[in-house]
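Just dropping this structure here.
Per-chain numbering from 1; labels A, B, C and D assigned in written order.
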Amino acid sequence: MSGNTFGHTFRVTTAGESHGPANVAIVDGVPPGLPLCASDFAFDLARRRPGQSSLTTQRQEADEARILSGVFEGRTTGTSIAILIENQDQRSRDYSAIKDRYRPGHADYTFDAKYGHRDYRGGGRSSARETAVRVAAGAIAKKLLAAAHGIRVVGWVDQVGDVVAQIGDPSAVHVEEVEQTPVRCPDRDAAERMISLIEQVRKERDSIGGAASLCATGVPAGWGEPVFDKLKADLGKALFSLPAVLGVSYGAGFDVASARGSDNNDLFGVENDRVVTRSNRHGGMLGGISSGMPIVLRCAVKPTSSLPQPQETVNDRGEATTIVTKGRHDPCLLPRFIPMAEAMVAIVLADHMLRQRAVRG
Amino acid sequence: MSGNTFGHTFRVTTAGESHGPANVAIVDGVPPGLPLCASDFAFDLARRRPGQSSLTTQRQEADEARILSGVFEGRTTGTSIAILIENQDQRSRDYSAIKDRYRPGHADYTFDAKYGHRDYRGGGRSSARETAVRVAAGAIAKKLLAAAHGIRVVGWVDQVGDVVAQIGDPSAVHVEEVEQTPVRCPDRDAAERMISLIEQVRKERDSIGGAASLCATGVPAGWGEPVFDKLKADLGKALFSLPAVLGVSYGAGFDVASARGSDNNDLFGVENDRVVTRSNRHGGMLGGISSGMPIVLRCAVKPTSSLPQPQETVNDRGEATTIVTKGRHDPCLLPRFIPMAEAMVAIVLADHMLRQRAVRG
Amino acid sequence: MSGNTFGHTFRVTTAGESHGPANVAIVDGVPPGLPLCASDFAFDLARRRPGQSSLTTQRQEADEARILSGVFEGRTTGTSIAILIENQDQRSRDYSAIKDRYRPGHADYTFDAKYGHRDYRGGGRSSARETAVRVAAGAIAKKLLAAAHGIRVVGWVDQVGDVVAQIGDPSAVHVEEVEQTPVRCPDRDAAERMISLIEQVRKERDSIGGAASLCATGVPAGWGEPVFDKLKADLGKALFSLPAVLGVSYGAGFDVASARGSDNNDLFGVENDRVVTRSNRHGGMLGGISSGMPIVLRCAVKPTSSLPQPQETVNDRGEATTIVTKGRHDPCLLPRFIPMAEAMVAIVLADHMLRQRAVRG
Amino acid sequence: MSGNTFGHTFRVTTAGESHGPANVAIVDGVPPGLPLCASDFAFDLARRRPGQSSLTTQRQEADEARILSGVFEGRTTGTSIAILIENQDQRSRDYSAIKDRYRPGHADYTFDAKYGHRDYRGGGRSSARETAVRVAAGAIAKKLLAAAHGIRVVGWVDQVGDVVAQIGDPSAVHVEEVEQTPVRCPDRDAAERMISLIEQVRKERDSIGGAASLCATGVPAGWGEPVFDKLKADLGKALFSLPAVLGVSYGAGFDVASARGSDNNDLFGVENDRVVTRSNRHGGMLGGISSGMPIVLRCAVKPTSSLPQPQETVNDRGEATTIVTKGRHDPCLLPRFIPMAEAMVAIVLADHMLRQRAVRG
């Protein structure tokens, strides 16, 4: 199988290209009885969709998701839930300028190497378009986590270029703060500088990278499996499965490389009859299993590879040529990345929530 | 299932605790006809085993691996290969000082939260002892990759504390250079400073973190799947599944956060009739699929949590107490981490090599 | 996950209820380059659809399948293929007579026991309606098998009530013969008697069971895995996963219970430089691996449980009541069962064809 | 992967050949806290082992199973359990008479076709020797089912040649009755005739087939998944995965082919405030989900293929030759088949018990 399924017990299978008729997700393993309707997807789909602000591509996609199965009288039935998002931006463009040449930073060449031919319209299956149905699936996971344990999964833009946000307590960030700026950074001062930087980069026909942080609060101790399916391993895979992610870390992340054990260990204590740690350099996971402390993750997202300026490349006959990626692209991927990353984190947590039921009943 | 299986087509399943009778791996999906005997595991097991140098724990484990199945007349049969490593260090110690209290940075508390009870001897299933059979399984993967495509997977210590190695071309690093110093850093100058730092830290009854780099050369373009099972996603999961890893990146890694697209894109060219990129900030993977360029990864490893100094903690009744982790521990995990990380990278590559056969025959 | 995915490398995931908006399949693992369009599904969907003859239910469903992804310029891309079949027969009926009571022989009670509530309209997910997308997925598998190895998968009705077909050589049956009668029995004489029997049973407001045979020709020796994923095991699961199947056998089937080894063993010989057996009591599989001889299967299908006559039952409050299943039902499931069974056999064979590529390259 | 793993949540992975050093199973997903020690395997291993009576092969294997992991202080820890059974009968025999020729009815030819070479000693991986560790894994499943729900899984020999047992109520058969005769048939009169028949067949240097029945009592309503992972589908796969099984059925089995719906439907009623059916032609599963009624299965087992008389065959160069299978073989596989079949049924039920926890908590 070509890797279009994710998860063990809460399981998401997807299909769809950027310029085909539709994208589809089948979400399997959702327990029965959860209230659900298509409008539950609207908030996160709106956060992901193009054209939402001057910081993102001006391409317009409505991204309306329909539920085709698995819900009856407003509640999940326990059977598989199919979600359909039709592609509206399918107008017949002229692809002759790109169909035979490889866009730098894109998967055009690697798809050709893998499959022998490819759908060259907008990147086909390699387009971030496929994440729309992930976001819808993630909205189900979020709803399940909130209903069962009051868990919140919140992401925000932590860095754009050299501008880095200052966030005191990650577990205190609420989605309302995140949504107050189009750049999705809850540090208002940093947000303004990020916005300026993105606008400047756009004017210069360039793009800029960044980093996102994510925090899940309310996860009980004991989720995750001890060896290969450590919670950190499944979260790592989930975030790396998103386009443009080149690095993932949790807790103190790469800072541990220069730390000493005596500084790095989080000491245990007791608070309200509950075992806690006094600091959270371990990012809420010890031995790959949740500790009950907030789960804190960070990931690095590269600058958009599509640039409205000529770049040297080769074509599929191995000849040197140049390419200018037309169309409308985000100068910075980060603002629209947030709902995608939240969705993947929520899907992993929902999976391990259900897996833990098999362990302890 | 409690997550003790890894991989889709080349598949590794493990069992074993640090102080039980033995550790076992079953390696499934190895094609028939590969020459294999137990001595193929010796080199990497020796690199992983305790007591190999003054930099590591002085605990002595011989780590002899036996092949119990799947090999006939010196070649693999195509059926599942069972590998057994008996535990020799099973002496009956007095665990009364730790059996009811939670070691900071360890999985004692999270195992109790997950399972309700735990094997407290040496960490049980959460001990890095379980990686011995992963290293043996990885040796099979390495042999398969070398035989089929001449692929080499080499890891080295890139950083210890503030000492960072200078490596010009990661794809030029050979295992012989890596093995020239006990710290496994091919930059001789940095290696000496790393060794001094580790010895100093040990004297101070402390531990120190670091980072490892990995490079796989010879991987053809086209391995990896487009969405969830991107090569970077499976490699990310593999490395995060190892104990003490808090961060994973590939190519330019977290540096992309401050990069511009015009600088970050690797331009395509042609060399010896083969499509290449002129730089390798993409770390050998585009759209999650191998590009034919060297695959370059980096991961952050925390300082050893077990410290020979008293640390505050709580016991399983929620009472404040202190703990001193006795026994013999590595002051820095990095030197012994290298063969573990190489093994996991090789296992992922072997899996995707076989998966690609289903795509293109 | 609630079991809506089938297969390891050629993998089918489905969703959909009988009276929801649509049924969906995502077919993953189809190699790139296979010519495919929606009309490839038409033949088998027409064989499966209600209302095709006087022998089947008179319910009318057009069953038009749309391909939503994974095909570009008339060929598969190697990415996941989504197939959508909208439900047309969704008229709002009055379900008050059945919504709270359990139809004998149906899954109403077991769904309630499993999930706590259920979609009672037409059986919801337990309806044979879900097999429509399996048939479409099977048409892809058939096309792949034919293109790669010239494999044919043909099924026919072998028995209805006490009428049993006489078929000399199962591997000589062609689909054209099967389609010559609406009962799908290539023994013309038996077919006539089956048709009479079904019409009589319908008049008596009753239903009748039967058996189907299946034969796959052209399967090379060597497909199937030696232990749990024996070809016979995966074929057995595939056929038992279809509604109403109570028995599955291959080769000599239950007759082996009274056979002696000296009669039952198929002796090996050589024909056209190819190892063959002189008889085929082993049904084309030895040790669970294909032998190169025709694969011959048989399965027993129960009489339709829905009967247009009153039956005693209980309601969801545990009270005795009666039920008359209205609506239009097949008096015998067998004729429409054939394309479903062929589809499942083809899906298993396509999966093992691709799995064998990983073994031998 | 070459199919050496079975199950979704309760998951068994095996390795081992008949004449290699050992057979191994890793059982993953066993919940923590279940009392377990190696002697729990003894009863069923003794029922499976060769040499147990004059009806079976006189080969002697002690079959002692060791637990290598996953159990601490007499209880399961929740981590993976490795079970080791060393092969004692490894004496170096002269295989020159069979190593290049294909035994009729065996997997010699199909293994060669699949893998290109094979372990020819005693069948290698295709030998029923591999079922020893399945029986041990099944003993864990049985213990879990009994502890959680009081479930009993009992199998017996239902038929040998033309001798068919008369069993009134399958759910009333107890293992003690089964074990009262070496042929494992609780109908004492039929048992005597079976024994005579087997002894006669042995004298005639031949073998005889048979059928086994299985009954699981105490399974609650609601286990099994609605589409591909129907309980009957997973049970069917489990039984077909055993050597020599050519047919599987449940409930009324192949008799439904000649039944009418009005006779075949089991009507619902209420007994002790519990929904029951008044008959059990559905064998305890409706829509593939357990109904709370006893689960009743039957399978056909072919006569032993190894015969102590010359049989015509070909060698691996395609030349006609003859073969006499020396060594000690069972004249009838059925008595030793019972514990294997019980084990596979128990493994499927344990898996679906744990899967149902994810559905309903």
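By our rule, contacts are C-beta pairs under 8 Å (C-beta built on N, C-alpha and C of every residue); 3 or more make two chains touch, one makes a residue touch a chain.
Quick caveat, the model's predicted, so the values are computed rather than measured.
Engineer: Which chain's centre, taken as the mean of its Cα atoms, is farthest from the centre of subunit C?
Structural biologist: Farthest from subunit C by mean C-alpha position: B.
Engineer: Which integer distance in Å separates the CA centroid of subunit A from that of subunit D?
Structural biologist: Going by mean C-alpha positions, subunit A sits 46 Å from subunit D.
Engineer: How big is the gap, in whole Å, between where the Cα atoms of subunit A centre and where those of subunit B centre?
Structural biologist: Roughly 26 Å, centre to centre.
Engineer: With centres defined as the mean C-alpha position, give me the subunit A-subunit C separation in Å.
Structural biologist: Comparing mean C-alpha positions, subunit C is 39 Å from subunit A.
Engineer: At least two partner chains per residue is the criterion; list those residues in subunit B.
Structural biologist: Touching at least two other chains: 1-5, 8-9, 14, 29, 32, 78-80, 114-116, 125, 226-227, 359-360.
Engineer: Draw the chains as dots and join the ones that touch; what shape do you get: line, ring, star, complete or other?
Structural biologist: Basically all the chains touch each other, so complete.
Engineer: In the complex formed with subunit C, which residues of subunit A make contact?
Structural biologist: Residues of subunit A touching subunit C: 1-5, 7-11, 13-17, 20-24, 26, 28-29, 32-33, 66-70, 72, 75, 77-82, 84, 114-119, 124-125.
Engineer: Enumerate the contact residues on subunit B facing subunit A in the complex.
Structural biologist: Per the touch definition, subunit B meets subunit A at residues 1-6, 8, 14, 102, 104-107, 109-111, 113-116, 125-126, 130, 159-162, 201, 206-211, 220-230, 232-241, 243, 245-262, 264-270, 273, 275, 277, 282-283, 285-292, 300-307, 309, 311-314, 318-320, 356, 359-360.
Engineer: Across the complex, what residues on subunit D touch subunit A?
Structural biologist: Result: residues 9, 29, 31-32, 78-80, 226, 354-355, 357-361 of subunit D touch subunit A.
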